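Below you'll find the structures, each written out as structure tokens.
Look at the two complexes coming up: subunit A is in both, with subunit B in one and subunit C in the other.
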Partner chain A sequence: MQNVIKKPIQRNKATDLLVHQILKGLAILAASFIFVIAGVILIKGLTPFITNNGGIGSVNAWKFLTGNTWLIGDTFASNLYSVGFIIIQTLYVVSLSLLISFPVGVLTALFIAKIAPKKIAEFLRTVIEILASIPSIIYGLFGAGFILKLVYDFSAILGYQSKGGNSVLSTVIILALMTIPTITTISEVAIRSVDKSLIEGSLALGATETQTHFKVVLSAAKSGIFTSAILGVGRALGEATAVSLVAGSRRSGLSFDILDTTSTLTTTMLEGMKDSAGLDYDIRFSVGIVLMAVILIVNFTLNYIKKKVGQVDVK
Partner chain B sequence: MLNKRKTKDLVLQIVTYGAAFLSIITLSLIVFYVASNGLKLLNIDLIRNNYLAVNHIADIDESIPFCNCEPTKEFKNDVYYSDKWGIALIDDRDLLGKNIVEVYYVHPESPFNEMINKGVGTDVLKLGLNASIIRIAYEDQATSLSRFGAERMILELDLSNSIRELEFTTPGGGIRGSIITTLYLIGLTLLFALPIGIGAALYLNEYARKNKFTSTVRSLIETLTGVPSIIYGLMGLAIFVPFIVNITDATGGNIISGAMTLAVILMPVVIRTTEESLKVVPDDYRFASLALGASKTQTTFKVVLPNAVPGILTATLLAIGRIIGESAALVFAIGTVVKDQIKLTGQSTSLAVHIWSMMSDEPANIELSTTIALIILLIVLILNLSIKFITKNFMKRYGVKA
Partner chain C sequence: MKKILFVFALLLTMFVAACQKSDEFNLDAKITVYTRDTTSGTRDGFMSGIGFSEAAKNDSVLVTGFVIRDNTAILNAMTIDEYGVGYISLSSLNDTVKGLHFNGVEPTEANVINNTYQLKRPFMWMIRADGDFPGGANSPVEQLVKAFVAFLGTSDAADIINNAGAIALPTSVTWDSIKNQHPITQQNNSGVTVRFGGSDSIQKVAEALTQAFTAKAGNFVAEHDHTGSGDAWKRTNGDTKDQTVGKDVGFSSRPFTTTESANVTSSQTGQLSWDAIVAIVHLSNPISNITADSLKKIYNGTYGTWADVPQS
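Moving on to the complex of A and B:
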């Protein structure tokens, strides 16, 4: 009798163990992809610097990181690829876009969380949600069809011949529009979770509501707001297709003129995707390494600043 | 002092209101721009037609008798019909604004239904609707050309007794191929991503102990969300494309490698959403099931998982939205060549990449791009609403106990 009952229980135990191991394997598989990505990009991206590249000669890593020209295409068949100016252009464009999207995003979040009546807040929240879910290619299309014309006319008024509107300005506008929803959503959560007693205390001390919002609520939610900026910067740095439609692919020379064409690391990677072998193909992975490095460094720096800022204000 | 404070408050208030208003303006501008440019081309033919127009030269099969038949339906005034050949033509303009003669109707018994192909490809050609006729050459009279219009072409057709050859173009500018590719991508990606994602979520929520290993796995998966999609594209290009090329007859980027790349991108989303829905399932269910003698596996798959189905559905819908909108990764993992004959092992474009491919060409085809964008926007909107609906109902079912 006992044997009869024991058998199914043992079998169940065996299945349990098997299922446990399979599910564990799936989790490990999902987690291991980050190593796969990092490994592949590193191996492929370092090739141009160490091999001869089929007679062209290896790319000089120092020149690659600091140089001022990006020569791509069969006609050149050179090893003169450098992303130095592109790194700076990327950071320039992203920080300008943050200059627009950060205040707008945070103020929108403040409006939704604290000022607007319930119905308007709900409506705005839906608007932000839809904006966040619009694919980037549509932002790019909107930029190419609408913003470019505006920028072109604007530059014409200034007596400036821009390349059909492809410029730093258009790129900045598109990136700002794309990051506003990210910043708003995260900031709103931070602002809403500010302790009520802080607000009431401020009001009781005679501060007006607006003063309370700007001086108490925003500074109490500082850490969350900073996180939203970090995420926004991350999205802006990694954005590719939308930017490639409005940037105007600059090949050489650093320029801080907002009506001049520009290039970012991502648009450089997208440009002229044709060959599936050779230096023109491998060099994209090197740009990929640079992009990942830039994202990591920017993230660490911002997180460091966030810690510092947070520490000063803890009372 | 008080006055100064009031003005300052007012300025800050106005700035805040303005900022909040900006997002509404942005959304309405985007929607207005896409709708106003895209609505023109939006019709059922767009979805059915091929993207590339194909030129055909055909000969009429002399053994088929003349049609001499009445049309089976009424025509508008500007449609011209030939009883003898059983075909109706209409004047139209193509996307470039040039005059063309379009096929409006072909009678079932018309000789145009079975023509002999003089070019490469299949032997028998059928003159389809909306094909534009370039020229008709006759044995017994001068050639009819499309630039003289549909009326004259029908008159000349009626006079003639024998057609030497017919040159026509199938209608182009459709997005059938891209729609099929997008559907393939959705199916395959979910096939790859859901089992791994749900399995990993089940492990993390039901089995894993709270230790260093689990938190490492969790943070590694979380790190994946911060990687930009273009980097995923590079990975797909470097790993999945060669892998598929080795095991199938593919020669370059292909739909399968694209779907695998998308699956990796979506993994963290699927895992997180599924895990959240697993957390909402009350522990009582698990205890009750275990107390009734069910094994851990039975409890997990027969009690916990079915109760988390709405959450998994949300994850699926979120994933579909991402697949439809993703472009940068697919540019690398599949390619940017717009195709009409879709093969799983061949290159083609999803709807989003189709837009990118047309926009980065010179000159950019903004009209068709905005039309596709309109379709994508509509789908994304519907998906969003369904997600909201499902989540609301799901949360209601378990109350706010979670």
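Moving on to the complex of A and C:
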């Protein structure tokens, strides 16, 4: 009798153990891809600095990080690459786009979460979610087909001549459009989860609704809103396709002129990749290392600031 | 709230601004120079065509502030940028932009084929001497190469060449009408490897051609290794022809020089197609003809405004 009961229990335990092991294995496999990817990029990206690249000579790492011209000399025959100015252009473009997308995104989130009637809020939420899922190439086509002309004509009316609209401004507009949905979605969750008692307390003390929204709700949701900005910056830093269609691929000289052409680390990696070979191909992996480093540094900095400012707990 | 209103106001102004536009062409406006990336074959053809070969693979000799875009994007940019100048392959030219006459000749396919339009380069082929193919005289490789060369003169090949963006020479011969002269194509050739090389600008066209031809010729293996026009002769009839880099068919994106043609008989080389490039500007630009010298001076920065460019 005992045996009859024992056997199914043992079998169940064995199944549990098996399932646990399989899931564990899959988790390890998934997590290990980060090491595989980072490893491949790292190895490929370091070769231009340590080998002589088939007779061209190795790339000087210091000049690579600080220089002001992407490539001096002939493609496929020169080792004088540098991304110094591109790093700064990238950060410049991303911060400008955040300057637009952050206020717009957060205020939209406030409207959806606190002010809009339920039906409108539901509708807006769906629209924002759809916007967030639009592929970046669609934003790029919209940029190339519409924003470029808009920026060109707009600057012409102001008396400036832009380069067919290929400019910092177009890039910033596209990046802002792409990051607004990210910022809105995450900010909205943070704003909605602000403790009701805080709001009621503020209203009971005689504050108007607007005062409560801006002074109590937004500051209580600070931490979550900051997270949305971090993710927004992440999306903007990593965007390549859409940006390459409107940036104009600046190849030398740092410029902060919003109507001049620009380039980012991602567009530099992407452009001409199809027809490239040898060092000109490998160097794109080095740019990839720089991009990963920039993203890590920006994320750590923002997280540090977030810890400093986000004192109020959000449930 | 103020911020939202400000952003809305800004967007509104931009929309209104986009609706109006002045029609005056300002000759004193700066020229915006558009170019392809240094890895582009079209850039190579254009720069050598205007006598500015040093800019083919080097951005630092170009005028400062140029814009890098690809073929379609340059075409699109010229519909927006009134003061821009760019270049595209002739096959993608349409009436949304103005294709400039080059040295007085209109950019049309007819003018390319009758050899009057000069902003172009020939795509040439060259094969090894008779009996000098791997496997000796009349080997499968030699017969396949001869068949391939015959295929290049057919309308089947012309379609492939035109699809790849080059301009094929006029022909009315079909492959079906001549394939019986090349019995080797009826066999199974999957064990035979033919080596193709030469110009990297032609690689795309050459690969499209061999891909189509290998299916018609017993699935032989086409091995592509394109290293530059200089190697077209060197690796088929020159000093490296018997080394491991040797080729059976070499392509060149320029005419063969007299030194190169010296030890080669006329049946060993021929022209595959033309690669024509056209300089384009916005439709409102008053200029309609341009010289190689003017283009070079625009691209190296000597001419900064459209008023500098001599009108002819």
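We adopt the following convention: the second predicted complex is superposed on the first by the 279 of 315 C-alpha atoms of A that agree within 3 Å, B and C clash if a C-alpha of one lies under 4 Å from a C-alpha of the other, contacts with A are read in each partner's own complex, and residues count from 1 in each chain.
Keep in mind that, in the parts below, contacts are C-beta pairs under 8 Å (C-beta built on N, C-alpha and C of every residue); 3 or more make two chains touch, one makes a residue touch a chain.
Everything quoted here is computed from the prediction, not taken from an experiment.
Quick one: on subunit A, after the overlay, do subunit B and subunit C clash, or do they fit? Just give me the call.
clash
Touching A:Y152, do we find subunit B (first), subunit C (second), both, or neither?
So A:Y152 only meets subunit C here.
Examine A:D16 and indicate which partner it touches, taking first as subunit B and second as subunit C; both and neither are also allowed.
After superposing on A, A:D16 lies in contact with subunit B but is clear of subunit C.
With both structures placed on chain A, which of the two partners, subunit B or subunit C, ends up touching more residues of subunit A?
Counting contacted residues of subunit A, the larger count belongs to B.
When the two structures are overlaid on chain A, which partner does A:G253 contact: first (subunit B), second (subunit C), both, or neither?
second
If we overlay the two complexes on their shared chain A, which of subunit B and subunit C does A:Q211 touch? Say first, second, both or neither.
After superposing on A, A:Q211 lies in contact with subunit B but is clear of subunit C.
Pick one for A:F49: touches subunit B only (first), subunit C only (second), both, or neither.
neither
Check whether A:A144 is in contact with subunit B, with subunit C, with both or with neither, and answer first, second, both or neither.
After superposing on A, A:A144 lies in contact with both subunit B and subunit C.
Touch test for A:P103: subunit B only (first), subunit C only (second), both, or neither?
both
On subunit A, what residues does subunit B touch that subunit C touches as well?
103-104, 107, 144-145, 210, 245, 276
Would you mind writing out the residues of subunit C in touch with subunit A in their complex?
Touching subunit A: residues 1, 3-4, 7, 13-15, 17-18, 20-22, 29-30, 32, 34, 37-41, 57-60, 64-69, 73, 76-78, 80-81, 83-84 of subunit C.
Per the contact definition, I'd like the list of subunit A residues that touch subunit B in the complex.
Residues of subunit A touching subunit B: 12-13, 15-16, 19-20, 22-24, 26-34, 36-37, 40-41, 44, 103-105, 107-108, 110-112, 115-116, 124, 127-131, 133-142, 144-146, 177, 180-181, 184, 208-211, 213-214, 234, 237-241, 244-245, 266, 269-270, 273, 276, 284-285, 288, 291-292, 295, 299.
Using the touch definition up top, name the residues of subunit A that touch subunit C in the complex.
Per the touch definition, subunit A meets subunit C at residues 69-77, 100, 103-104, 107, 144-145, 148-150, 152-154, 156-157, 161, 163-166, 210, 245, 248-249, 251-253, 260-261, 271-272, 274-276, 280.
In the complex, go through subunit B and note every residue touching subunit A.
Contacts found on subunit B: 5, 8-9, 12-13, 15-17, 19-20, 22-24, 26-27, 29-30, 33-34, 37, 195-197, 199-200, 202-204, 206-208, 216-217, 220-221, 223-224, 226-232, 234-235, 238-239, 241, 252, 264, 267-268, 271, 295-298, 300, 321, 324-328, 331-332, 335-336, 352-353, 355-356, 359-360, 364, 366, 369-370, 373, 376-377, 380-381, 383-384.
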